[in-house]
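Both complexes below contain chain A, partnered by chain B and then by chain C.
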Partner chain A sequence: MPTDPYRDLYALRAAGMTGSEIRALFSVLERPEVISLAGGNTDTDIVAHRIADCVAAVLSGKGATSGGDPLGYGMSDGVPALRALLCDLMALQGIEAAPHQILPTDGAQQALELIGKIFCDPGDLVLTEAPSYVGALQAFQSYQVEMRSVATDGEGLVPQALEESLAQIASEGRRAKFIYLVPTFANPSGITLSAARRPQIIDICRRNNLLIIEDDPYAYVRFEGESVPALRSLTDEGIIYLGTLSKVFSPGMRVGWVLAPEPVRERLLLAKEAADLCSSPFTQMVAATYLASGHVDEDLQIVRKVYRERRDTMADALDAYFPREARTRLPEGGLFLWVTLPDVLDTKAMLGRALEEGIAYVPGTAFYPRKSDGLHALRLNFSYPSVEQIEEGMRRLGAVVTDELELSRSLEA
Partner chain B sequence: MARVAVVRGGRSLERKYSLLSGHHVAAALRHLGHEVTEVDVDEQLTRSLEACDIAFITLHGRDGEDGTVQLICEALGLAYTGSPPRTCQLCFDKGFAKGLLDDAGIPTAPGFVLSAEAVRRMGAGAALRRAAQRLGHPLIVKPAAQGSALGLVVAERAEALSAAVMEALNYGDRVLLEAFVPGAEVSIGVAGPDLEPLTPVEIRTASGVFDILARESPGAVDLLCPAPLDPEDSRRAQQLAREATRVLGVRDFGRVDMRFGADGPVVLDVKTCPGLGETSIVPLAVSEAGRSFEDFVGGVLDSALDRAASAQV
Partner chain C sequence: MPTDPYRDLYALRAAGMTGSEIRALFSVLERPEVISLAGGNTDTDIVAHRIADCVAAVLSGKGATSGGDPLGYGMSDGVPALRALLCDLMALQGIEAAPHQILPTDGAQQALELIGKIFCDPGDLVLTEAPSYVGALQAFQSYQVEMRSVATDGEGLVPQALEESLAQIASEGRRAKFIYLVPTFANPSGITLSAARRPQIIDICRRNNLLIIEDDPYAYVRFEGESVPALRSLTDEGIIYLGTLSKVFSPGMRVGWVLAPEPVRERLLLAKEAADLCSSPFTQMVAATYLASGHVDEDLQIVRKVYRERRDTMADALDAYFPREARTRLPEGGLFLWVTLPDVLDTKAMLGRALEEGIAYVPGTAFYPRKSDGLHALRLNFSYPSVEQIEEGMRRLGAVVTDELELSRSLEA
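What follows is the complex of A and B.
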């Protein structure tokens, strides 16, 4: 008797879904003594009181939306008031958009899944930065695509590397479907594609007929430095823009959106209807009420101040507790610190030890299509844990890394 | 009906599997009419145990399989299921268990255990390399005291040894280098006062190794029950399972993992608290024998209660 009696019934795309060693280990995260620097959560305490007010307003019919039952089904293309308010929000990033171009989704993650659904056939080529957001890799890979990484440096995606990658693909007689980018405070690297490179990347993609998926969750969480224009603010052709309120409002509300060329939006809408009929009208109305409340700027100031302090605590602790060979690049915003360790250390293998010591992180391999990449890197989240937890967590992790390095050297002696 | 504390979860990295075992056992006990409390390992554990008649221990790895919780039960005078602390300690340390089985003439895979401390302070990295040469490649490298295949690596070549040792030492302070025995991987549960062997189960994986990645990948592991062995091999393996568990003092139930090499079965591991989740090996073998899981769990509980009652007389 096989372990899974339904195995012969699964679609090929489900059969190809692979597991993760990390998933089993992370069950210890529910233990109170474990400090997690692993997730991508925000500090929802900052806006919890606002959400409570907005929920009350929506349920009493005093929210920022007119008509519609927050507890009933809604339209697949979303709550109209929310779409209009999202246009106002994107205008802060210099993006011109009209409500009819927007499709609200269950977080930007659903948009990634829908993009995979309407664009990707088995064997299709998809390009990403290296490293890249693990949720995007999973969404696209579930449609059996071949993911190829394009090199990045401190200024983000390297234009020359993109040119070379596209030339290589053309020489194979193939074509990439799209390139997926988090141009501002990339997850996990924290790197921002420089302003100078943005038009170059757009130009290369336009010349090669390569669609850009611009995932832009972190632009509002900038602590310092000059703002960089969204790719979508530079052109409205050949770009699907993904936004989310998860980093400025609440990840648990699951409010994201797609801004796409009309034909693409139509297909995404049909795919969404099949997926879930509609995003929750309730959470959309709560989000709209919050956006209309006039508190967004004020709250974002707090978010930026709090996260900046936590980032600085983490960076200082890295200096204090880690071997000097540990490297990071201080991000000007976002939620993560990307740390590279000496290449004798395997961060996936080290995770068990770290968890035993009560500290969790995400190993670098999770962020690459090829599991042999990212072995010596790890991602640390500074937006969710308190300053005290960051300090203690980094002390624990620094001790593990120091000990591992010593053991490795002894082993080779 | 008894007030039963099902101890599950715990601090171990095998927490996920323990929760699956615990939920399954708790459901079976409730079905049998017992008053069940599911408890985790924390500062309140001893107090929770004191409020019950018996502990049904379904912890895997640290605290449960190393005898820690069993020692608490002994000190409290509380009935508990499964093996006594000494047996847990012996079986949890694969090096000790291997030595005792060797002494009893039970075939095991050749292996060597070295500590991280010896590597750090005594230059034992050279001894590891020498041991690997003696055992040959491919070579199994795993933590000496860990379950659920965590930290298990197959070092195909000498160059892969250091990384494999580093990985294994992330899950414990000693590493076991063990000769790779090619052949079918078979697990045999034992149950009851006479440690009656259950039906052999063969574990098949795409990679040929039942490691943590295989465990966590849907569809990557097939459990064949009964294992496709010829009747004589099957009897031989069952006999070996019973002997191995008797030598180490296993009580109530357990599981013996082995590989069928060219010279017959060799024992790789003896588990005092094997997985008891819905898709685990022992419940599968129990079901194959036409017995319900509730009956199995009830039998284990009754044995432990009888033992405690006898001890009080």
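What follows is the complex of A and C.
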């Protein structure tokens, strides 16, 4: 590696920018012999046949958006019809929102970036669950924050642990800027914050003036069990809510949004303007036309049925092919299974071997602020691969895990 | 305005984020009675009829990109076929580039943002022309830089002034992070850095280890005169080159790119990943399919003919309807006329009156780091409005300017 002649020009924050272990895998995943249980793609075949119609409608001016050129620059605050339709979508979850409180973004990831940009000075404290969404860690850490994690259990964030964490921070004379949560089907753990705890968490945050970032990509992908109200449906104060059409429609359209208190939304809008002027009016209009098409519910029912079947296949294969020490918690929705292996196994070290055997996953370390955590866990995606690929992929991975475990035990012995 | 309950949570940099005076105008421009000579939109009717074909090809897997799901997540470093086609496009300008040096971005604006993010610490010095592109000022200033402008004349940046500016900075014991330039048909001035000066500027920057950001959106929109080589075609060291398909294809697709030395491109890629995971593979593939269609040159010839006619209409109308003290320099390409009015007129103060008369422009102050500059200038766009709208719009604006000038002189008398 030659020396970088520009190395003394970078900003201090550039040192804190690290690549996602998921995205680093992407080039390997192009190889046809590799079955990928990494990534977080959806099965876009389910909606693909709708897209051509939506695009045709938009290009002929018959889309869900009257006026406005899909091919020209748009307003930074997004296509008005899309904002209104997103309010309707959120209303299904009991969230009351007005279009002027919404800012469409390039996926919810851009909302995370903009939040980092307007809130985070170097050294600021940000709270999160652990494990937590890798893209959020990247976005916030790129603004040089200190991430601190709060304990979770099977019901999600532990209220007592949050209280203690905030007391600790106060005793240090510091203050956290916000807490970042994926309360429903957390990525990667699949854990849902229980309905009973939600008002408790809101109450603790309110008493401590702690802003909540509620990232909610998976609520529409619940296959079973009772739905749990979004935090934002319980209160409209002190919460910035992030949504995305990536799991409902298509990740490749890059349509996400942020629903924020008005003064915060104003700041986010200024940051958005500097970041890219505007999101594509074309993809926003295609998405709006899809939302208005009347097919969303029908398609979501297919999505839920298909993903549920894939989740079950994956869970059964875990039982069949993995050592019985491999543990998971069956999520009632979302896209992922989070698997914990015996402590003797290092999932990051094991990845090379797995790729050789034609199977990819994401090592647990990707999801922790401290890279020494999550060594024995891995994340598996069941939304993208077919049932057959899941079956074969789990067989391959199970064999690798079994082998590695035997090897490590023979070394110990 | 109620107090913002979140005001003590924002990052320091949030204070430096200001809205663009152009984008603030957008809501007014929705009113049908207003003719807009503001904005920087292109005439998308010229390519609109191509889009449906390109989209259909992409959705049926017959686009210029083999493999890869247009509807799923893409790689952060962009669609490979697009990167290769962008190399071909730049080769027309004599720029030698390899696909792995290119990072597609959401318009060139995102490249400006990412450059600000990886290079700029608070208080860093950044050099630019004055006037300069408002979006670049916003992106860099949002990272708390100090912008310093270097004098230009009719041939662009003055080499002697750059030398002096760098000597001054050195004498302060400081260093500029980079110089930002739009060397060809600068926005807003329309000025092109002369062919004779280009190697001189490169030489000065090289001797002073000053990185050049060459933003080149308009090179393909030259209607007359001899083309001038891109700085990046003269050297591949010390230059980060920004391109966009916004003026060639469609602003609404948000396809831009940055061509950077490899270590810099690596850093930009990490920042891009945190910013939005990836640009839309769908719009990237549509753009790639258009570039590969064989129609680009044919369409660009129409673009040039149409814009030239509109520029001429605007220049003629300036002669016909404006006081003779109004001055401009006829650009050989690009989208804008930069008009300087007598010192007694304040174009920002005049804007309200102009909007009442049904005509919009961008006040000159938008394009200066110091808001006390550019008071007497305004930017007019001729690429978006029709010849008839330009004629009528200039008549309205000419009347406003004439009135205001008479008023101010009667007050002086």
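Here, the second predicted complex is superposed on the first by the 402 of 413 C-alpha atoms of A that agree within 3 Å, B and C clash if a C-alpha of one lies under 4 Å from a C-alpha of the other, contacts with A are read in each partner's own complex, and residues count from 1 in each chain.
The working rule: a contact is a pair of C-beta atoms (placed from the backbone, for glycine too) under 8 Å apart; a residue touches a chain by one contact, two chains touch by 3 or more.
Because the structure is predicted, anything quoted here is derived from the model rather than measured.
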item: Touching partner for A:E356 - first (chain B), second (chain C), both, neither; value: first
item: Partner chain in contact with A:I51 - chain B first, chain C second, else both or neither; value: second
item: Touched partner set for A:L411, first chain B, second chain C, both or neither; value: first
item: Contacts of A:L25 with chain B and chain C, given as first, second, both or neither; value: first
item: Contacts of A:L300 with chain B and chain C, given as first, second, both or neither; value: neither
item: Which of chain B and chain C A:M17 touches, first, second, both or neither; value: both
item: Partner chain(s) touched by A:D346 [first = chain B, second = chain C, both, neither]; value: first
item: More chain A residues in contact - chain B or chain C; value: C
item: Contacts of A:Y73 with chain B and chain C, given as first, second, both or neither; value: second
item: Chain B/chain C common contact set on chain A; value: 4, 7, 10, 14, 17-20, 23, 27
item: Parts of chain B lying in touch with chain A, wherever the complex brings them together; value: 11-13, 15-17, 19, 116, 119-121, 123, 125, 128, 148, 150-151, 162-163, 165-167, 169-171, 212-213, 215-225, 279, 284, 288
item: Residue ranges of chain C touching chain A (in the complex, touch as defined); value: 4-7, 9-14, 17-20, 23, 26-27, 30, 39-42, 44, 47-48, 51-52, 55-56, 59, 67, 69-76, 105-107, 109-110, 113, 116-121, 124, 135, 138-139, 142-143, 177-178, 211, 246, 250-254, 261, 263-264, 267, 269-271, 273-283, 384
item: Chain B partner contacts - residues on chain A that touch it in the complex; value: 1-4, 7, 10, 14-15, 17-21, 23-25, 27-28, 31, 33, 345-346, 349-353, 355-356, 404, 406-408, 410-413
